[in-house]
Every structure is written in C-alpha cells, then in structure tokens.
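Each of the next two complexes has subunit A plus one more chain, namely subunit B in the first and subunit C in the second.
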Partner chain A sequence: MSEPTGVIHDIGYRHYEGVRLGRRHAAVALAVHSLRGVFGLGRTARAKIIPFLLVGVMMLPAVVSIAVMALLQREAMTYPSYAVTMQAVLAIFLASQSPYTVAPDLRFRVLPLYLSRPVTLGDYVGAKLAAMITAMFLLLAVPLTVLYIGELIIDMPGPPHTSAYLTSMAGAVVYAALLACVGVAIASFTPRRGLGVASVIAFYLLTSAVSAIIAATMEETNNYAASSWAWLINPFFLVDAAVQVGLFGAAPSAPGAYPPGAGVVVALLLVAGLIALSVTALILRYRKAASR
Partner chain B sequence: MTILATEGLTRRFPRVTALDGLTVTVGPGVTGLVGANGAGKSTLIKILLGLLAPSAGGARVLGMDVTTQGAEIRRVVGYMPEHDCLPPDLSATEFTVHMGQMSGLPRTAARERAADVLRHVGLYEERYRAMGGYSTGMKQRVKLAQALVHDPRLILLDEPTNGLDPKGRDEMLGLIRRIGTEFGISVLVTSHLLGELERVCDHVIVIDAGRLLRSSSIAEFTQTTQTVAVEVEEGRDVLAARLTELGETAVPQGRALLVDIRAPETFDTLRDAVCDLDLCLIRVEQGRRRIEDVFREPADV
Partner chain C sequence: MNGVIAAISYRALLGRRRIWLLILLPLVLLGLAILLRALGVASETTTITLMEKFALGTMLPLLGLIAGTGVIAPEIDDGTVVHLLAKPISRPAIARTKFLVAASMLALFAAVPTFVATYLLVDLESGIAYGFALGALAGGVAYAAVFMLLGVLTRHAVTIGIAYALLWEGLVGNFVPGARKFSIQQWAQTVADQVSTSPFLSADITIGFAATALVLVTVVTVVAAGRRLRSFSLTGDE
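Moving on to the complex of A and B:
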C-alpha cells in the first residue's frame, strides 16, 4: 500500500535511547558555543561586524608585508613584532568580545541552567577561558601563519625566518593566555556588557599609558635601568620581554630595551602571576554568583 | 517505585532555616509541591539537583544520593527555573540544541531532540527568531523545552505558570499533565496556588516554613466527598430549598449549587426537583472538593 507523500504524522513523544556523553563533552560544547559567539557566529548580523572588522584589520599588515616581499624583495615586518605593533587592535578585540563570553550568562541568569547540567563551576570557567584564549590565539596566529606561508611561496633570497615565526607562535600562545584571562576576569565582575568593554579597554589604556610615561620620564633623567622595567607594565611588552625576547632571544619590540638577566625571570613570573590571579578572581567571582 | 525521597532533610542559612527535618517520598506521575513564598521550595529543588549541600539529613533522587552523585542526577533530571534564563540574542532552536549538548547529547541528537520538544511545547515558526522578542508564554515554553530536551526521567518545574495569563496558564498546565502521562516523565511542580495544581497533580505535598504539612494523593483529598455543581438560570434558592426539603444537602457557591451525593438516587431527586420547579438547567457538573478546602482544615486533623 502506498502512502501519500508529504504528510506529517504526529507520532507523539519519543524517548531518547542514544548515547549520553559526560562532563567533558558538555564542557567542550560550551567552549565551542562561546568561541563561535565571540566571532558572532550563530548570533545576529550586527554581532558579526566588530569581530570580523578587527580580524580584517589584523590581516592587513600580513597582506601588505607579503606584497612588499613580492614586489620589493624586502622583509617588511618581523614576526615577533606583530603583536606589539597591532596591540591596539588586539586590545580592542579583547575589550569588545571578552564581555560577551561571561556577561550575558550573568545578566540573563543562564548560569543556573548550566549548573543544573553535569558541568561544574570549574568546567564552566575553564570552558569560557578556553574559548577566549582560542579566539585571541586565532586572531594572532592566523595572520602570522599567512605571512609565513606568503614568505615561503615568494621564496626570498636567503633562508626563511622559520625560527622567528615559531618564536612569534610561542609568543601568540602566551599573549592569548594572558590577555584572555585578564580580559575575561575583568569582564566577569559586571553583568553589563558595556561596562565590561569599558573596564577592559581602560585596563589596557591605563597600563600602556603609565608604562610609556614612566619609561619616557626615566629616559629623560638617563635612568635607563628604571625605564627598561617600566616597559613591563604594558602587558604586550611584558609578554614580549618574557617569552619572545627572554626565552627565544628575539629583538625587543618596545621602543627601549627590557631589563636583562633577572628581568626575564621577573617578567615570566609576572605573566604566570597575572594569569593565576585572574583565574582565582574568576573562580571566586563565580562561586559567589552560583550561591545566589 | 520511588522517584525521590528525603529523610530528615534540613538546610540552615546564616539567618533562616529553609528546610527543617523534611521527610517525604514522591512516586511516579505529577507531584505538586505547594507552599507560600519562602516556604523552602526553591531550596529543596537546589538540594535535589545536588547544587546545595544539606545541613543535616539526606535525599535520594532516582536512587542516587544528592551529596555524592550530583552530576549523575543532573544528567537525567530536567530543571526549569522560576526566573528568566534565556539569552535574548539566540533563537529558541539554537538555545535548546545547545542546552541538549550541555546535558550530554551529541550534536545531531541534540538537533533532533530540540526540534521534537519545541514542537511538543507548541513552538513552531517562531522558534527560529531571537528570543528577545518572545512573549512571556513563549519564553515559558522554551524554558520547559530546554528542561525536556535530554529526555530526563524527572523534571523539576519551579513556578511554571508564573506571569502567564489564564489561557497561557491552562495551556502550561495541560502540557505538564501530558508530560506526566503521555511522555511518561515524572514531574515535580511547585506553585503557591493550590487550585491550579489540583488539575494536574496525582499527589500533593504541602510545606510551610521548611516543614511538611501534608503529603497525600489527590484522590485521597477529593474522594472524601462527592458533589455535583448545579447551575440553573434563575431560581437557585428555590431549588436549594426544594432539595433541602427532600433531605439533600445543597450549598450555594457563586451562581451554582453544590449538592452532596449521598447515593445514586440523589441524581434522580435533583432531576425531578428541577423538572417540578420548571427551571432552566444550565449545567450539572461533577464537582470535586477543592484541595484548598482540605488544607483550610487544621493540618493535624
């Protein structure tokens, strides 16, 4: 007997007999959901404008460098200086997108729904951080990699700058970790997205301005040792000093030199300390939010 | 079969005791949890989800201990909170799929389940729109859908009819009834209104100030007396007088009369009385004693 096609049958409620995955799967799903959200995917068209605009701006130096290499056979930009040169763009991306990962869940009280699932508070915080770290890493690593591929294809005289590229990738990992942790931690203290954006950008402006002013003043008084320490106040120079210069011996990207010797150790400790402080602040923040 | 059971469950906060030695057992079907605001309903739900540790006593949900097996419980229990919990810039579909994945469903299964439950709760084309523009009724449906998406064995509904208009309230209650019967999922539903729970619950638990006032089946409440509600166009009092004369008990309630059924003959008496008096009969309805009446009596009777 042939059934007519295109008929919708109400087959009633069906039970789910398939697999049920555990906490890890849920945490990964949350991280992926947040990562997509950071770039505006699965959200309104308006939410896509800023992240993709900033991604475009981040790609510009890579594209220009490739053009310069192809036409003039000259290197235009070194890999480790990429993040420092583009620090304002990275800071704006961090400020505009990190509040999205945490603020709506607090403001619209989605958090209790997550906690009524198998994931724990630690999983939640971990997933949100992982999402933002991945986003920041992609934002930095994609143009660097495009630039490197460009360099390989153009095949300039002399060997490719592979070690500089790898140094910058190591730097990108630490940049992403430090910036995302600080950004998300600051943003988590307010359920309002606008306030979060303002707080994160204020953090960047404050540290970079204070760092530049102190360094300039110290240089005027010929106190070069003090000015080299002052650069570390800016998180972008801090990671440069700790990882790219300190561990991998790249040339400093700050206008002045970084503190040598023990300075590297201090810079590394500062990076680790800032990440630890941010994660602790986040966990305390969410303990309080969950108990409400 | 026991769905959940508490034993001397106590939860003290610095200022108040939210639950005070609560011992109840809940079986399958729809169970109402009634109490005034602050009676401890939400605290009980949090403990049952394993999100809040009891100060004393214990509880088991589907045979699992709430203090040690919280994560396992949360995999097979659904929760609909009382407050708003929907991000406005997502569509109902995306949100429900995401919540399904958060409960451990693989992505494709979550998609299928989300489509299914959204249809069951009565959301159709609008489920692709951002939830920011939804009415309260639609929001409540999405909140219910996300609690059902992983096909839980038990769902905890915290004040699901809050903020709904009478029509929305009826539809929500109808849905809850269907979940308990047709879907075969046990339901614990809280409310501060007894009347609405009467229509959907098999069993009602009443708590006050964290203590158990009563726990009994609806049938137990309502079978104690059987009444019919009789409504006539005019002459309600004449009919009452005639019935009393004939030895029946008739109490006016609003425009209707509540007549106690002593025996099947009461129906004949009633029919004859209406005919003899030549009244226009509007309705005769199987009336149940409302559970409010039961609880209006002292609890220790």
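Moving on to the complex of A and C:
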C-alpha cells in the first residue's frame, strides 16, 4: 500500500474580515451605478454622447426663455407646459436609456450572480426603477429649476411664478415615475437593446398618434366630450390632466380641453394603474429570468 | 442576392419577438381605420389625415427602423456577423440581400396594410388607396436602406434613427420649411399626391425631386453599406 500523496497547500487566500455593509448598501450601490450608467458616466465616451446631447436639447427652451425674459421682458414658456412641449425629447431619452438599465444583465444572464448576494429580486427591480425614475426626474427638473432661478435673477415685473414652478415640479415627479416604470417594463421584455429602444419608442409614438388622430376626428364631428377623453391616451397629456391640471389647477397643455370632473379621478387612477401594471410585469419578468 | 443569407435574415426578423412589433403597428392602423368607419366619419379628409399622420408619419419610420436595423444590427451585436463575413460571398452582395429582405418586409407590413386601411375607409375613391400604398412602398424602401446603413455604421442605430424621424422630420420640419425637402416622409407624401387625384392632398415638393431623391438615397445607402462591410472591423462592446 502506497502512502497518500495528495497535499492541500495553503496558498494564502485570505478571508474578508472587514465590515459587511449588508443588503441595503448593496441595493443603493446598484441604484447609483445604474443611474450613472443612464447618463453614460463610467461607460465609454461613445455612450455619453446621446444622453448628454438629449440633456442639452432639454436645456435649450430654458436657456431661450431666460434670454427672451432678459432681452424682451416677456414670458416665453410656462412651467407646466415644459414636459408636454419637450415630450419627443423625453420619449427619445426614455427609449434610448431604459434598455441600458435592464438589457445587458438579461442578455449575459448575470441575474443569478446578483441574487447570490444579499440583494433580493425586489431590491434589484427597485434599484433599477429608482435609477431610471431619478434620471427622468433630473432630466425634467434641472431645466425647470434653471428657468426658475433665471426668472428670479432677472426679476420681471410682477410676482415670480412660484406656484407654477412647484406645480411643474410635482408634475415632474409623476412624469418620471410613470414614464420610467412603463419604459423599463417594456424594455425588460427583450434582452436586445436595439429592439428595446424600438419597443419603447413604438409605445410613445402609437399612443401619441392614436390620441391625436381620434381627438382631431372627434372634434371634426363636434363630439368634444369624446375628443377630451381621447387626449388621455397620450401618457404626457394623461399626467398633465391628472396632476398639473387636475390636482393643481394649471392650464391644460394639450391642444384641446381635458374631461372635467370625474375625468381627473379617472386620469389619476389610470396613472396609478399603469405604474402598478408595469411594476407587476417587471417583477413577473424577473422571476422568470432569475429561475433560468 | 444569396438565398441562404436571405433565409437567415428572414428567420432573424420573423422568428423572434421582433415579429410582434412588426404585426402590432399595422394592426393599430387597421384598428383605427375600422374605428373611424364604424363611427361614420370615413371622409376623404379624415382618411388623408390618418394616412399622412399615422401610416406615413408614425408607422412607416418605425417599421423601417425595426426591419432595416433588424436585418444586420443583432448579428453585429452578437458578433456572429464575423461568421457571415468570413464566407467567400461578396460583401456588397450581402448588403444587397439584406436590403432586399428589409424592403420586402416593408412592402408586406407597411404598403399592404396602408392599402387595405385606405380601401376600408374610402374604397378606391380618387386613387388615394393606390397613392398611399405606393408612397408607403417607396418611402419604406428608402427607410429600410438608410436604417440598414445606420445599423452597419453604429451600435446606436435605433436611437439615431428615431431622433432623425422624430426630431428632424417632426419638430424641425414643422418650424423650418426647408428641412422638409430632406425628409423621406415628405418624399413619400409627394409620391402619394402624384398618384391620387384627391384635391385634399397636397405636397410642397415636386415629384421630380422626390422621386430622384428616393432612388438616389436608396441606391447610395445600399452601396455605402456594402462598401462599409468590406472594411468592417468588429469593435468590442463596452
């Protein structure tokens, strides 16, 4: 009988003995990492071009409005109409960046790696959503705030439009929540970034075109009640009708009026329902992705 | 033309989730047409608004984007395009084949539904149905070629494509009339206007310019995509 020859060498791997920061810290780190990634920070220079270009376009009306106020002493743009006016840019930003937050992890099947850490599935989805919501909010809130600061500095005749600014900021929160939830949910259904971008923009283009066409046709036949409901198909007008007009009494930014009375309640319920539906779809989608 | 490459491209377009988006868009167009017909507002003017705003303005660029980038961009993303390029097939022929696949998808999913939707609304009145079907076909072919070239040039093809369709053709075209001369959507409308005799349809570009531009853009972009593939180098993703 020969002696056993196998030897286990101690090659000096050391255990981690520092502080374990735990689940919450991991989720926050994931959210911050995703938020930076949405704007291309920490990614290649080429990934920064599109987000920063779109941020620049979003800033344009604020800068032009400040210039008009300073030179002509005239108001150029109201706060609550900012998001509706720039809806195409917001939609392109949402479409181009929300697939980034979800597609690579799905495509390279790294979800089990995340879930092997203290992060749970809910934390993962929550962190990704929080990142996209924050990004959309910043995209809208920064130009609004710049515009407000500009208005305060220029000191136009008459009181500053503080309540209009606050209304638009409340609107920005709901815009960000609704758009980000729907965008990330749609994008999560395909691991391909290109198809994700196309799907999210298709959602925006379909809803906005269908709403405009039905509303215009109804107005032609003098059915103004139906046309006011048709505007709510467009998510941007939906939030405007629910929050900025419904809750805070701003002037509608759609080309026509919104449904009065019960319309506000329905619009609010629709916003909440869409967000709930998107989050549920996301969680179901990730349950399936995590089990593979 | 190469049959195998065409078959692979068709499978990539039709076999995955992409197909649902390709079906959804014409379905919404047909749904809107049926809705307008049921409401009894199917006049010539509403039909033209629906076709200009939805069929040519929304559905066509989106379908062009999905089919045009879909034939080549996923392969570049995966890196499987190197297997294709390593075969002794001329690269311009690969580009031509993939372009023909994308163009045929647009004929099927854009031009045919446009014709059916217009027919549902106003029959064959004033030749609107033929006009918009031909316009959608011509515009769709040009979109397919341009977006395929974009797909070869950059990994952000879809984003740049929607920025062109939404910002240039939508926003800039509304404020700067000169920008309309360089928009595939306007060229498609000009073709539709030329074929139909309806007085409600008008285009501000001459058919000579639009037709020349459509042919020129299609040919130049397909040739450029072929040339680009000849010196193609696969760069790593971030």
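Basically, the second predicted complex is superposed on the first by the 276 of 292 C-alpha atoms of A that agree within 3 Å, B and C clash if a C-alpha of one lies under 4 Å from a C-alpha of the other, contacts with A are read in each partner's own complex, and residues count from 1 in each chain.
In this section, a contact is a pair of C-beta atoms (placed from the backbone, for glycine too) under 8 Å apart; a residue touches a chain by one contact, two chains touch by 3 or more.
Keep in mind that what you see is a predicted model, and the values were worked out from it rather than measured.
K.L.:
Give one of first, second, both or neither to describe whether A:198 is in contact with subunit B, with subunit C, with both, or with none.
P.N.:
second
K.L.:
Could you look at A:47 and tell me whether it touches subunit B, subunit C, both or neither (first, second, both, neither)?
P.N.:
It touches subunit B and subunit C both.
K.L.:
Taking the superposition on A as described, I'd like to know which of subunit B and subunit C A:88 touches: first, second, both or neither.
P.N.:
second
K.L.:
Return first, second, both or neither, reflecting whether A:136 touches subunit B, subunit C, both chains, or no partner chain.
P.N.:
Neither subunit B nor subunit C is touched by A:136.
K.L.:
Regarding the shared-chain residue A:238, is it in contact with subunit B (first), subunit C (second), both, or neither?
P.N.:
neither
K.L.:
Is A:30 touching anything from subunit B or subunit C once the two structures are fitted on A? First, second, both or neither.
P.N.:
It touches subunit B, and subunit C stays clear.
K.L.:
Who does A:266 touch here: subunit B (first), subunit C (second), both, or neither?
P.N.:
Neither partner.
K.L.:
So in the superposed three-chain picture, is A:172 touching just subunit B, just subunit C, both, or none of them (first/second/both/neither)?
P.N.:
Neither: A:172 stays clear of subunit B and subunit C.
K.L.:
Per the definitions at the top, what is the overlap between the subunit A residues touching subunit B and those touching subunit C?
P.N.:
43-44, 47
K.L.:
Residues of subunit C touching subunit A in their complex?
P.N.:
Contact set of subunit C toward subunit A: 16-18, 21, 24-25, 28, 32, 35-36, 39, 41, 46, 49-50, 53-54, 57-58, 62, 65-66, 69-70, 73-74, 77, 156-160, 162-163, 166-167, 170-171, 238.
K.L.:
In their complex, what parts of subunit A are in touch with subunit B?
P.N.:
My answer: residues 12-16, 18-23, 25-26, 29-30, 33, 42-44, 47, 104-105, 108-110, 112-120, 290.
K.L.:
Spell out the residues on subunit B that touch subunit A in their complex, using ranges where they run on.
P.N.:
Residues of subunit B touching subunit A: 49, 51, 71-72, 74-75, 77, 79, 81, 83-90, 94, 98-99, 101-107, 109, 113, 116, 120, 130, 146, 150-151, 182-184.
K.L.:
Could you please specify the touching residues of subunit A with respect to subunit C in the complex?
P.N.:
Residue list for subunit A touching subunit C: 43-44, 46-47, 50, 57, 88-89, 91-92, 95-96, 189-190, 192-195, 197-199, 201-202, 205-206, 209-210, 212-214, 216-217, 220-221.
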